[in-house]
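In what follows, a structure is listed as structure tokens, so that the remarks can point back to it.
Labels run A, B, C, D and E following the written order; every chain starts at residue 1.
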Amino acid sequence: MSDSNKGPTRRQAHERKLKRRSMILAAISTSVVVAALVILIPLTPGWERVKQSFFNWDIVVRTFPKLLNAFLLDVAIFAWSVPLIAALGLAIALARDVRDPVFYPLRLFGILYTDIFRGVPVVLVVYLIGFGIPGLGLQRPFNSPYLWGTVALVLTYAAYVAEIFRSGIESIHASQRNAALSLGMSPSDTMRFVILPQAIRRVVPAQMNILIALQKDVALLSFIGPVEIFRQAGVFKSLLASFTPYVVAAAIFLVVTIPATRLADHMLAKQNRARS
Amino acid sequence: MKLQVKNVHKSFGHTKVLNGISLDVAEGEMTCLIGASGSGKSTLLRCINLLEPVDDGEIWLDGAEIADPALDPQPIRQRIGIVFQSFNLFPHMTAEENVMLAPRRIFKTSRDALRPTVEELFDRFGLKDRMHHYPDQLSGGQQQRVAIVRALAMKPEIMLFDEITSALDPELVNEVLQVLKSLKQDGMTMVLATHEMAFARDVADKVCFLDKGSILEQGTPADIFSNPRQERTRDFLARVLGPR
Amino acid sequence: PCATGKTLHDGTLTIATGNPAYFPWVIDDAPESGKGFEAAVAYAVAGKMGFDADHVSWVRASFDESIQPGAKNFDVNMQQFSITADRDKVVDFSAPYYTSAMAVLTTKQIVEGGAKPTLDSLRKLKWGAQASTTAVPMLVGLVNPDSDPMLYNDNADVSAALQAGQIDAALFDLPTALFLAAVTVNDGVVLGQFPAERSTNPDQFGMLMEEGNPLKFCIDEAINALKQDGTLAKLEATWLAESTGVPVIK
Amino acid sequence: MSDSNKGPTRRQAHERKLKRRSMILAAISTSVVVAALVILIPLTPGWERVKQSFFNWDIVVRTFPKLLNAFLLDVAIFAWSVPLIAALGLAIALARDVRDPVFYPLRLFGILYTDIFRGVPVVLVVYLIGFGIPGLGLQRPFNSPYLWGTVALVLTYAAYVAEIFRSGIESIHASQRNAALSLGMSPSDTMRFVILPQAIRRVVPAQMNILIALQKDVALLSFIGPVEIFRQAGVFKSLLASFTPYVVAAAIFLVVTIPATRLADHMLAKQNRARS
Amino acid sequence: MKLQVKNVHKSFGHTKVLNGISLDVAEGEMTCLIGASGSGKSTLLRCINLLEPVDDGEIWLDGAEIADPALDPQPIRQRIGIVFQSFNLFPHMTAEENVMLAPRRIFKTSRDALRPTVEELFDRFGLKDRMHHYPDQLSGGQQQRVAIVRALAMKPEIMLFDEITSALDPELVNEVLQVLKSLKQDGMTMVLATHEMAFARDVADKVCFLDKGSILEQGTPADIFSNPRQERTRDFLARVLGPR
């Protein structure tokens, strides 16, 4: 009984063997596949053309700095939209939770709002608001496509964020509400001190996914003017007659979105594990 | 009588859950509700605390009717403490914050003013070194004791307990039951739904057997456990205590 | 001079063009050089209005963006805008500075495949056009193709689709078609042009301005003067030379 | 005790009164708000212009039939994409679950695949694949924008669908796996008969949300040629210099997406209730 | 000996959970594992069924070593039935489908060929009219009985039970324990982890007290319950049975 700390146990020995074997197998099969790809793909008849069109290194070098610069605009639009979205989304979530009949119009508004903005393609909202509203004769600077493009994104994403907040609020078990009410606390205090703090914490991973989607949808603003990375890549594409700038743009997006998505997945998985 | 339940009816949709319950609880007395799962014990306790509106019937607390649907339930709930089966501590707050939240918001007392009373309560129930822990850092028994402290901090006139030990590991049951004994010694009026027959027999002043939403039989523990008059009561006790 | 106090920035004329701006209207996407038909016209008009080359500044605006109603970040915008009555309700156009025939851009393979500059032959092709231009209604009006046309956001996308063989032919103004055939599209061919009288409204290009822009009067005056003294014709000859020899569609 | 069925109980009487009161209140406050909107909005200086631009009834009548017709193309693209997305998504989810070291490259591919296609904006993928691949010299009909546009959507959405399947598989409690294994069932039988049927059922609401997003993103295919509803609205917009066609398009989308979203929300809420 | 556990060790990460367990189970005998929560009862049963690989030590079934990590666990698991605390029926299948799935896939038997045996099992445990119900249409006690039938349908040589009554309402406990009694009469070899002390005392052939991953004491029920030799055993029994 006391020798269990000396030397590897039988299972450890077995697992070490297994692990060595599977690492070797994985290494072999991976190298075979990678080698096949690296050797065979350049032999295909269209490869030169694909390379020219999608992976032209010269064009990467030439366009990268300007594309990166244009991406800063995406980041900026994202950065100033997020707090607005969070605030509006929470307000609408709470509006939909109001029980007092006097405020029924508020609830109705909340319902209509989320239905409409979740139902229409973002690009349509961007066109309608980003082009339509300035077209009503607003004077500069109030007709800026940055302004109205942002409004379009904020209105759309606030609808999604509101629904997630609401689902968070509803996911808090009734017993928490009961516990607070049974102590004599008022419904608004219960919401503020007991339900909301838990609900908000619980929906962080879902909201992160929405933010990642937003970061990508910022590209749609390019259709109403702002020269952000997607538009800049389009300009290069027409000047250079190559799709490489789009590939570069995609790569720049991935650098931001992959870690963010991974983080969101990780948090969500942790939460799911904790719940079950 | 401290608490009087008079002919209370309650349905959920078309299911009748309480079917004309009447119950008197005297000051300082401990009343145990026993009965099969689904017989309506939890619902009765929730109705007394106004978490569920009763359909019909009256509930009197200290000579005033409290089940009138036109009344604001908030001040009445402050006078009645309740502890539930599964731990309903607020998971984002420490034990101390859990206990202080309601008094702070309702009586507008500061933390500092509350601290002595709260510390005393924690101390009394052997939780002094757990005050700054979050619920998930506490064992089930500790969580239930904090939940009791939280209810007591509102200085309720009567306490309701809904199977507060049934989600606990068997070894943790006793520490919670000890707390109930000690509250009884202080003269607290209590109503508890329980499956702990041994405890009911030894400690309760009165035992009520609920069956399908009615009180089928009530009396002293000795009456109920040794001489159940009703066939159903005998059945139930046989199944629960029965030969295993 | 006429324009004093009417421009966006005092003493400067702000002109918008596309992003990118296309040959032969602007050479090398560099309007500042004054090379290319629209760039040259821009500087000539500016000169007539009393702005020397140093007091002309350029901005970029996409096609879609420019024909939106509302306040603008430019004084005038030159981007082969066709003057139409509907558009004139929400923006202002200058007097036309160019009148274009519409032409059919296609590729050698399609011509070798038997496409002829006749309406019957054209009708059978798969068509594309730039979505927000007047080419779309003209395509229906002039050719009325058998299959529904594909529509794109800009010239580059139309040429990409033509190149990819997703469409057989596209309708452009003649100079653009000539340029795309010569430079952008491999084996590009201008199959033919429509006689001006066949078009319901011949495609006339005007500078675009915000609705009610007081500058319109000055611009019109300058363009008319350039038309009178033959400058416009000369610039056309310089930058849009090769338009002869394209067969007329029957 | 026996009179409880005769006449309204005290609570019923009270609730009836409350209900009447709150219905009156809600009706009053709603009518006040609606009346204010109906009366005040037309008095604002810009209203004529907004109406002209966004709510021009003549234009609605003129454009509606063609827009509806164009929407059929959206529906068709959606309809043929969905089965492909489901199949590819499930395959990738299973590829990421493979434990045998020989198939490590498959797992690696699954990870890269989901990371990349979830990280790049859909519109970028549509441009790259929808224009780029046919540009490599494919002959008709293999260069169709419908084909490659569909491929772009399928590749992108399969990544999302795969992640949801995977989360579904992981959400099945380990005890189900244990129960099956303890009976002596093989891991693959366990997956096929025990885990997958439950996982797929569980992720239906989440997948529905993805399908709604897909239905909306079909509009992005318009950028590579197909004249679906969004493009058709754009053509009308530039011909008629009015945003009304976009509003009509938005309304057509809403007719499909609102009921679908409602259904998904409902199923999700039911599931959440069932779980807690 | 039917089953021999020899000096089994098991850790999760750095927590030692089984610390050299040795246990002999004779053919047709019922062995009860008792002990505080976390003492390792479930882990031991899971190790015997090879759901957890043991770190060190040996497990012999019918004279053959089964815990060798190089062996394929699948055919061994078929010989050992296990039923868990929370009902692990497959919720998307009826009771009958739950029972038939494994035999159909493993022995490639058709439904029709299986039906007589399965119906007999259902009948024997009073479940005949519940065969075509889904798990959520069954009570907890019925679910547990179906889980037992499911394990029995594989004709295991030994059955393991892991606190199969602790998630049940008190009134449903007995119907499940009756099943165990009846299996014992058939001569089934069984190992069960349980908190039902009364049952262990009345029915078990051997009782083992686990504490922190070791078997601290084992013997006949009479030995353990009436004359516990170890201080810790006495403690544990006092707490669980103790004066409430």
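One rule holds in what follows: contacts are C-beta pairs under 8 Å (C-beta built on N, C-alpha and C of every residue); 3 or more make two chains touch, one makes a residue touch a chain.
It should be emphasised that the depicted structure is a prediction, and the values quoted were computed from it without experimental measurement.
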Requested in this report: Touching both chain D and chain E: give me those chains, sorted by label.
Outcome: A, B
**Report entry** A-C or C-D, whichever has more C-beta pairs in contact
**Finding:** C-D
Report summary line: Here the gap between chain C and chain D, centre to centre from mean Cα coordinates and rounded to Å, is 40
Query - Whole-Å gap separating chain A and chain B, where each centre is the average of the chain's CA atoms - result: 47
Query - Interface hub residues of chain C, defined as touching at least two other chains - result: 64, 69, 90, 153
Query raised in the report: Which parts of chain A, given as residue numbers and ranges, touch two or more other chains?
Result: 131, 135-137, 234
Report task. For this structure, give each pair of chains that are touching. Result -> A-B, A-C, A-D, A-E, B-D, B-E, C-D, D-E
Report summary line: Contacts from chain C onto chain A in the complex sit at residues 19-20, 29, 60-62, 64-65, 68-71, 73, 90, 153-156, 184
Query raised in the report: Tell me, which parts of chain D touch chain B in their complex?
Result: 1, 4, 9-12, 14-15, 18
Report summary line: Interface with chain B, chain A side, in the complex: residues 175-176, 178-186, 189, 193-194, 197-198, 201
Query raised in the report: Okay, in this complex, where on chain B does chain D touch?
Result: 7, 9, 19-20, 53-56, 68-70
Query - chain B to chain A touching residues, read off their complex - result: 46, 49, 51, 73-75, 77-82, 84, 86, 88-92, 101-102, 105-106, 147, 150-151, 154
